[in-house]
Structures are given as structure tokens and as C-alpha cells.
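What follows is subunit A paired twice: with subunit B in the first complex and subunit C in the second.
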Partner chain A sequence: MARITLENIKKAFGKVQALDGISLDVRDNEFFVLFGPAGAGKTTILNCIAGITMPEEGTVSFDGKIMNLIDPAHRNVAMVFENYALFPQMTVYENMASALRSKLYREDEATIKERIDKAAKMMKMEKLLERLPSQLSNGQKQRVAMGRALVRTPNVFLMDEPLAHLDAKLRNSMRTELKEMQANLGSTCIYVTHDFMEAMALGDRIAIINKGKIVQIGSGDEIYYMPCNEFTAELMGDPQINIIPAEFEKNGSGYNVVIEVNGEKLKKELPEDKAVFAKIAADGIGKADLGIRPQHIRYSFEPAEGYFKTTVYSYESIGNKSVITAECGKYQLRMIAPNGLNVAIDSDIYLKPELDRSILFDSDSKKYIIRYDEEAIRAFATKEVK
Partner chain B sequence: MKTGKQRALNILMNVLLIIYAIFALFPLVWMILISFKSDTEVFTTTFIFHPTLSNYQQVLLRSDYARYIRDSLIVSGGAVLVSIIVGVPAAYALARYNFARKEELAFQILSYKFAPEILVVLPLFMIYQKLGLYDSYIGLIWVYQLISLPLLIWVVRGYFEDISVEIEYAAQVDGYSWYQIFFKMLVPLIKPGLVSSALLAFIFAWNSFTFPLILASSKVYPVTVAITKYLGTDSAHYGQLAVAATVSAIPAMVFALCIQKHLVRGLSFGAVKG
Partner chain C sequence: MAGLTLEHLYKRYDNSGKKKKTVNDYAVKDLNLVCEQGEFVAFLGPSGCGKTTTLRMIAGLEEITQGNIYIGDRLVNELHPKDRHIGLAFEDYAMYPPLNVYGNVAFNLRAKGVDKNEIDRRVREIAPLMQIDDLLDKMPVKLSGGQKQRVNIARAIIREPELLLMDEPLSHLDGKARQAMRVEIKRLINKIKCTTIYVTHDQLEAMSLADKIAIINFGVLQQFGTPTEVYDDPVNEFVASFIGEPPMNILETTIIKADGKFYFTFKDSNLHIAVPKRYYSVVSDGFRCKMGVRPMDVLVGGPDSDGTPEEIATFENLGDERRIGIHVGDVLLMLITEDEKRYKRGDIIKLEVREEKTHLFDIETGDRIREK
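Now for the complex of A and B:
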């Protein structure tokens, strides 16, 4: 197992700058998640670590040793490819045994069998071992690809969306298994995903990647509660965070916040938080975007004190809960509601955002300014996980 | 349930296929028949004749026919072997690597097949005379590359392109060197294409007439050229000619039957995708 360090990695494909100065430090035995939208460069980072892609600039080191000139075979990494990359002419068993039968990582056949049986049991595919890849479904292929990596004891596991093609039930159980396996084996693992649940559940730390750059690195909680900009805030969380443009007005010792709902200006008192007030006063902030998570929008179907009136845009039931989207003119507000409500589209709804849960973003640069209860949340989010 | 219309269509199709089969096979059948006829009966068009093996005796036992076959085997087999050794890496490079003018190069290789043989054979004749390649095995094997190499490169290239590059990456990560990957992972996957295109190349080389006619004379005598020997200036031994032609078709047929399994699969692309 090893500590993986990337320093200022740059890689272009033609005119597209796939990686633009990526620096990472993945600790020994860490489960590190690369998270970002499609085309962000996540897979290219893995390929650079595996040695498949040569970066044009920057260094890749394992335990401080620069690996740039070492070929993939000698780096001792195990990789799960997004498109499985199974060897079509070999059975599942032979596929999984492939690395352990190579000259570099040879094991005796008894050990190979033992490891494959163990991995197959974990993946629930004991009965598939004699099949050819062409006789497998996509989910099964993906499990074989995982199994091929898991039988090894590499410097690092590189996993490129290994659960993306599994059905929901299997994905959840595999997620749990993976986390447990990683904790037991004590292995460094770099895991690419675009599923925020996976990222939150698995990652000791998460790196948010966008357009070839690292946007933010931190624990899941850190990124969830203190996203460094609106992009990250929208990426983390489902349904995604609500962004409400707001203006501040001085009101005695405190501030009023003005938000626009369907063309009408609503004035509310900004809840008191010394750090927030100090920040607004110090930087002379006149306006900001308020980020409020869907679970922090209160709603009512009857008029109520402090609630403003608007209409329902859509109502989706998603199993154990539902998501109501309300129309507010220039923006929409999503909120989480219990299931089984009888909500008609375009009917009236009364909303009250919990302003004392909001995150303030700069209206122009979209960057994080401050949030309510920042200190308490920082203490909670950055506490040592293990 | 088949409707009457479908059944009628089926019958019609079969009738057409049978007519075509007769049309295609009749010359071959006729050739085999002639090979059993004596020279006097060659021109009888009825099927009644006195079968004789004298033609076979004459050709197989009392002439150098075995030598001609051997020469053909050496030249055609050698040509295909060289094509495989040269062509498979070339096909891999054309499929995997990006370099300047790649498509132009690939097309140029293909274009070697466009040129009529008779057009290039005269200059080649003079060049070969000068280089001392005239009437040698190496000379013919070399010129046969015009026939076999483009075919092999283009078919095998398609197969390489069908193999996702991640398979190679996966094997690299598993600890295999490039040569191990090539022979353990890639060759089994391109095998159907390789076998079928090699067979076709072999048949084309075997049937080649112009090149050996002009670029070889006494030392190297492929069977296609040798057959003309049975057409004398004053007399034509059609019976012996038919024997020579019939027997010369056997090696290619034997090869084709041996690898029939690969042949059908091999020329239909996309067999690799897992």
C-alpha cells in the first residue's frame, strides 16, 4: 500500500486541456473519491496514476518515489475500468486470475483459487466463474472487473465508476462491502464516481474535479456543509441545493434580507449570527446568493406566519419521500416532503426558507463567503474520521 | 404457420439457387469429366465415354507436375507467411497509433491491389533482371506481397480496431509486457480474421498467373504457368490440361475445408466484441 502524490499534472488531448494542474496527496490506506461531472478529467487522472497516460507536465509519485517513467506493469496498481475491459476469450475465472498468473505478480494456483473464491463470494458470483464475458450481463461484467482487481494486493486500487452499472440493490450492498473491505484490507483506493451518494458514503476524502481542475478537497461533510462555490454545492446533494439571490439592508444592529418572489420584493430579518454579521459588515456585502438545502425549506398548504405564497411547479414521489418544486419567478425552490401527499400542480403553497441554515455565496464570483454556525459545523466536519 | 405466398417464394428462391449452382458448378464438373477422357473423346458432348486414367498417369507420373506444385506451395505459402509477419504488426500500428498521414498510408497500401498486374509487371521484369531476383523464389514471394499484403492488413486492422484499447491497458496493469499482451491477448482475438484473410491471400497468390509467367522461367515454375505446358503449339492435350487444373485446385480446397469454421466467422466483422 502506498501514498500517492500527484504534483501539477497537466495533460492535453489535442486542443482540449483534460488535466490542468492537478495536485493531489492521497494518504496511505485512504479511500479517496474523485467526484465531478462527465468529462471533468476523472478517468484521465486514474490513467495517469496507472501509467496508461503520460502527463505532459508534473509528477506522479508512490511513497515519494517518482513513477513517471515506470510502465503500468511495474507500478503494481489494480484498476477497474469503466467499460470492464474483460478479456473476451477467457472465462471469468481466468480473467480474475490473469494478474496472478503474470510473471510479475505470480502466485501459486492454490492461492489464486482461494483469493478468487473469496472475491467471488463477496461479489455474489460463485456460479459465474466458468462463463465467458459474452455470456454475462453488464452488471455481472462489472463485478468480474471488480473481482479482477480485488484478488490483488496492489499499491493502490483505481476504480473507475465500478458500481455504475449495477442494479440499485446490489449497488447498495456492494457499497457497504467495499467500505468494509477497504477498512479491513487497509488499502489505498482512488475511486471515481459521479454519484454523490457513493462519494459521500465511501470517501474518507473527496476531491471535486471540474474541467481538469480540482475545485475542492475535503471530507464529505466538509464539502457538503461548506462547499467552496455554488458549483460544488449544486453537485453535492440530491435534490440539489436551492440558490436564492438576496440583498442585504442595514437594520439597526442587524440586517434585513430582501428576496424576490414572483416579481414581489419580500423583506425579512436576517437571523443573528455574529460571524455572519461581522463578515457582512467587514466586507460591506450588499448582496449575496443564499444556498439553502431542500430539507431546510419549510412549507405549508395553509397561510402561516412568516411564510410567503407561491405555486407548485412539480411534485415527484421518489419512494420514501417526495420532492416538491415551487415556482418563484427567477428561480425555483426544491424541498423534501413526506410521501403520499396530494399535491396538485399550480396549487398554492406557502414557504419559509430557514435562513439560519443558509450558506452565503458571492453573487458574482459564486464563491463561498460564510455560512451560519460555521465554527460548529467546521469542528464537526473536520473531526478525524478514524 | 407459413402462408402459401411464403411457400411459393421459398420454392422460387430454391429454384433460382439451384439454377445458379448448376451454372457455377458445371464448368468444374465438365473439367473433371474431361480429365477422365482420352484425347479422341474430348470433344464429345454426350456424357457417354470410356473413362481412362491415362491422363492422370501422364501428368502425375511422367511429368514434373509434383515439382510445379511444390514451387507453387513454396511461393504462395512463403508469400502468405511474409504477409503475416509483416502485415499483422502493420495492421496493429494502423489501428492503434496516430501518426501523420495514417489514412493516406493505409489507402496507399490498399491501392497496390488496384493496379493491373500487367501494368506493373514489365518495369518489374527489368528491375528484377538487374537485381538478380528474376526467376527466384524470393523474387516471386516479394512480388506476391502486392496481392496478399493489402488484403491481410485491411482485414486484420478491422479486427484490431474492434478490440477496445482498455483490454490492452487492463493487461498492462495486470503485469504483462507488450509482447505477452500481443501474443496472449490480441492474437487469439484477431485469429478468425487472420486465418480467413491468410487463406484468401493464399488462394489469390496460388491463382496468380501474370507475375510468375513473366518474372519466372525455368528454375521456379508455379503450377498456373506450368499448366500452359500442356497446350502445345501444334496440339492441345485437353485431358492432361484438365488433370493439371483439377489437381492444382486441391491444396486450396483442402486448406479451405480445414479452416471452414474460422472462415465463416472470420469475414463477418465484429466477432470480437465481448
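Now for the complex of A and C:
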């Protein structure tokens, strides 16, 4: 296993700058997730590491050794793709043995068998070894594809959306299995996905990629609770975070944050943070965007102290809970509610946003300014595993 | 008045090439269903379960092997699709590319020879409802997936159908657009109060949209009920595991009797869970069945808990919630917690189960075993 370092990687396809100065340092035995929307450049990064794509600028190194000129076969990376890429005429056993029997490895059959048996046990597919790929379900095929990567002892596993083809249920159970497998294996793994749950569940660290650039790198908790901008905040969480307009109002030496719910004002004093106050004063920021997650809005169907009157725009069950969307005048707010409520569309609902759980963003640059409970979050949030 | 009635509906495709005839030759088998006027009903099931076949029989696009279909009070078995007064919105939008949005929406009315002013009135009435007022002059190629689907639905409802049929209308859209469109469809149906059948394989979509869900598997109706009913009170193991994400934990169990009380026990595990009293009349010492419990009803006990100590096999922090997996024999028992505490693999927790929320299923048939 190896430490993978990328320095200032650039790659263009025609006029499109696919990668625009990517620098990463993936530690030995780390599970590192590349996460972002379609077309962000995630797969191109993976291909640069594997040697399938040549970057125009920048270096790729394994354990400090520059690999740019080494061809893919000699980089000793194991790739797992979305579409499995199994040899259809070979049994599962032969598929898994194929790399080890190749010129590069030429392992003897006893060693091959030993390694396949071990991988098969780990992937719970001992009973599938004699089957052909056509006799496997999609979930089993993906297991074989991973098993095939596992029997080698590569510098790094590169996984490109390996679960994307599976239906929602299988994807979630495979994700859990993969997590267990990774823990057993202790290996460097770089994993591409556009599913935030996969990113959160699997990654020791996550790099958010957008338009060929790195937006943020951190543990799942850091990215979920302290997103560096609105783009990242909106990627993490389902239903999505609410982002609504807010204002700063001077209050003694500090500031209040003011939001308007259906014409009524709600204020909350900002936590003391000199640097943030100085920034607000210096930039003369009057406006801000306030991000608040759906689970941090309280509601009542009766008028109550501190609650604002709004109307129900929609009520949707999402399995073990439901989402109420409320019409608040200039914007809508999504919030979490239990299942089985009798909520009529366009009926009244009273809301109380817990502003002390909210995040403030600069309304021009969309960048993170502060969150009220930053200190409390830092106390429990997982920093970086390992 | 019922909006739609299906009576002993069968569909059998001609499989003369196959040697063996089995029950599974029926794409739809003895389907009985009554949808009330104005009700929003989802047909839910895995691919190949017969839900689209049923929809196509209702629409008149597929012949009926046996049984009756009534729209309102009219028996429509022999009616041509155009005389059934139905609106269709399918997964692919199938718009007329040389016509602009207005032309596409108006097309069916023009074909029927409706008066020009009347057409214009109806298009202008429906456009704001579907939020396509600004798009009327645009050509289909200029529209996003979400916009196309809006136009598609507008086209279906402009005919003021007695019955609206939708087949996976959101499956082409990406996550965000899908979420937004779901809300819009729900509001729309609520406003126009048209009886609607909505085919989907996505349990989340069915749960969030429908007044009632018909769950179908292998051409057979499994359960027909409100989202809450199918979630809380499933009739069998299939429904229990199909509805909900993550799915219900279902484990094989042997019930034992100790000190006058019954407990669920599991192979290769110390876990034991008290059997709710209401089941005492149907279980006995050594009784084997399956036990089902939703991940939300499995809890991490506090320091004073008398729950069984178990080792964490997987811990997933998903931001909004956290999921813990525990090995019970060779099954991974999942639980969901919104507690902020971070665990890691190997930590020991005390596992508690909300006993009242457990379900029993027959080990062979998967049917729910109910208290007597």
C-alpha cells in the first residue's frame, strides 16, 4: 500500500479544462473519497492516478516516487469500475485469477488459489466461484469485480462509482459491506461517488470536487457541519439544507442575525468571534445567507410563543419520517416531521427555526462565515480518522 | 362512486415456446382493486411484477385475458383507448419536436376539433398550474428534463380525463429535480382532484405521493393500503422488506420459554428479545419463525440499560443520521440513531429493541403471523 500524492494536476479535453490544478495527499491506508456532481472531474483524477490519462501539468507520485512516465500496468493499481468489466467466458474463479496468471505476476496456482479463497471468504462469495458472470446478479458481479481487485496486493485500489448501477437497497447493503471489508483490509483506497451517503459513510476524508477544482477536503463531519461554501452545504444532506436570506444588525460590540418569516422578524445574537466581527465590519457586509438543516426547524399546528405563522406547501412521507415544506413568503422551508400526520396542503403551520444551529454564508461569495454552535460541533465531530 | 374498479383481472402472455406452464405465466393474476374517486393510488413493485402491464390494460393498450375494468361506472373492457377518457404521462416524454410547448399541449384538443378559443382558454388555465406559462413559445429541444415532464403532464390533464395514468414519470430526472417535481405533482393532483394511478418501483416515491399504495409482486397484489398501513402493518415479509430504507431487519428466530415468559433467540448470538404478550397465544416453546423489526425501533441503551451487550460491526455516519450494524449470526442487524455520539467498529453497546414493534412472519410462506 502506498501514499498517493498529486501536485497541481492539469488536464484539458479540447477547450474544456477537466482538471484545473488538483493537489491531493492521500495517506497510506486511507479511504479517500472524491465526491462531486457529474462532470466535476472525479473520474479524470482517478484515470491520472492509474496512468490511463496523461496530465498536461503536475505530478503523480506513489510513496514520493514520481509515476508520470510509468505505464499503467507497472503502477500496480487495482481498478473497480461501475460496469464490472468481467470476462464473460470465464468463471468467477478464472476472472479473479486472470491478473495473477498474467505475465506481470506469474503466480503459481497454489498461491493463486490461496489468495482467491481468502478474498472469496471476505466477499462472502465462496459459493459463486464456479459460476459464469451471466449467472450472477448485479450485486454479485460487483462483488466479483472487487474480489478480483483484492487478490492482488496493489499500491492502491481505485474505485469508480462501483455501486452506482445497483438498486437503492442493494447499494446500501453493499456500502455497509464495503465499509466492513475496508476495515478488515486496511488499504489505501480512492473512491469516486456522487452519492453523499456513500461519501459520508465510507470516507476517512472526503474531497469535494467541482469544475475540475477541489472545493474542500475534510472528514465527513467537518464537511457536513462546516461546509466551506453553499455549494458543499447543498450537496450534503437529504432533504437539502434550507438557504434563506438574512441580515446582520449591529448590536453593541457584536451583531445580530435577522431573518424574516412571512413578514415577521426573528433575531439572534451572533456568538462572540472577534475575527468574524472584524470581517463583517471591514467588508461592510449587511446581508448574509443563512443555512439551516431541515431537522433544526420546529413546528406546531397551534399558535405558540416564538413560532411564526406560515402555510403548508407540501407534506411528503420519506419512509421512516416525512418532510413538510412551508411557504414563508419570500422563500420556502423544508423541515422533518414524523410519519402519519394528517397535514392538509395550504393549511396553517407555525414554525420556529432554531437559529443557534444555523450556518451563515457570505451572500456574495457564498463562502462560510460562521456557525452558531461551531464550538460544540468541534467537540464531538470526528476530525480525521487514523 | 369509485374512480376505478379492477375485478378479477388476469393477463397472460402467450408463452407457447415454453415447455412448462406455471402460475408465473400470468403477468397479472386475479387482481382486485377499488380506487375511490379522486384518490391517488401508486402501483409499487420490483421490475417485472406486472404493474405496468396492469396500467396498460387500464389504458387499453394491452388486451385483457380475463376480468373487468370499470372507469367510474363504465365497463371499458372493449372500449378503444381514446374513448376511455384517460390522460397518460409516461416516462419518456414523447413530444412532437416540430411543435412548440403550446402546440404540444393543445394537440389533443385540436385533434378532437375543439373550438380554438376554448383550446386557448384551457391551455392558459393549465399553464400556470404546471408552471409552464413562460415556456409556451419554446421548442421541446430547449427544455430541461423537468420542464419536459411538466409539459407532458399538462398535455395529459388538459383533456380533463376521468382517470390520469402515470408510468414512472420521474425516473428520468436527477435527484434534485425529482424531489422538486414530486412536490409539484402532489400539489397538482390535490388541486385537480383527478383519480390517478401512478406506477413506480421506488418505494420512496410511492410513500411520499400516494393516498394508497398497491404493492404487487409476481403479478399478485400483496397489499393495498395507505402508506402508514403498509409501513406499520405489512401483511407479509415481502411488503415489510420492500417498504422502508434501510429495510426492516428480518431474522430467523427460535422462541424459547423461560420463567413463564417467551423470548426471541437467534442462532450464534446472545441476543434475546422479549416476545410481546399479544403473541403468547400463537407461540410456544421452540416455535420457529422470522422476526422483523425496523432499524428505527432498535436502540442503543443508556448506561443503566439491561439490553444485550453487542459489538458494533459497522458504523456509518451519514450526517443527518448514523447507522450501526451488529452481527446477529450471519445477518447484519441495522439500527438508525440521530444521537450525535460517534462510535467505531468494535465498540460495545447495549442493544434494546422496542418489543411492541416486532412482527412475526411464517418461516416458509413469509406471511405475517398475527395475534389471535
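Brief remarks on what is shown
Criterion: the second predicted complex is superposed on the first by the 303 of 386 C-alpha atoms of A that agree within 3 Å, B and C clash if a C-alpha of one lies under 4 Å from a C-alpha of the other, contacts with A are read in each partner's own complex, and residues count from 1 in each chain.
By our rule, a residue touches a chain if its C-beta (ideal position, glycine included) is under 8 Å from a C-beta of that chain, and two chains touch if they have at least 3 such contacts.
Here the structure is a predicted model, which means the values were calculated and not measured.
Of the two partner chains, subunit B is the only one touched by A:Phe87; subunit C is not. By the document's definition of touching, of the two partners only subunit B reaches A:Lys103; subunit C does not. Of the two partner chains placed by superposition, only subunit B is touched by A:Ala78; subunit C is not. Touching more residues of subunit A than its counterpart among subunit B and subunit C is C.
When the shared chain is aligned, no partner comes close enough to touch A:Val258: not subunit B, not subunit C. When the two structures are aligned on the shared chain, A:Ala164 is found in touch with neither subunit B nor subunit C. Using the contact criterion defined above for the overlaid structures, shared-chain residue A:Ala50 touches subunit B, although it does not reach subunit C. Interface of subunit A with subunit C (complex): residues 168-169, 172-173, 175-176, 179-180, 183, 196-197, 200-201, 220-221, 224, 236-240, 293, 295, 313-314, 316-320, 322-323, 325, 339-340, 345, 380-382.
Against subunit A, the residues of subunit B that register as touching in their complex are 164, 166-167, 169-177, 180, 185, 188-189, 272-274.
Considering their complex, residues 47, 50-52, 71-79, 81, 83-89, 98-99, 102-105, 132-134, 148 of subunit A touch subunit B.
For subunit C in complex with subunit A, the residues that touch the partner chain are 175-176, 179, 182-183, 186-187, 190, 202-204, 207-209, 227-228, 231-232, 243-247, 294-296, 313-314, 316-320, 323, 325, 332, 334, 336, 338, 340-342, 345.
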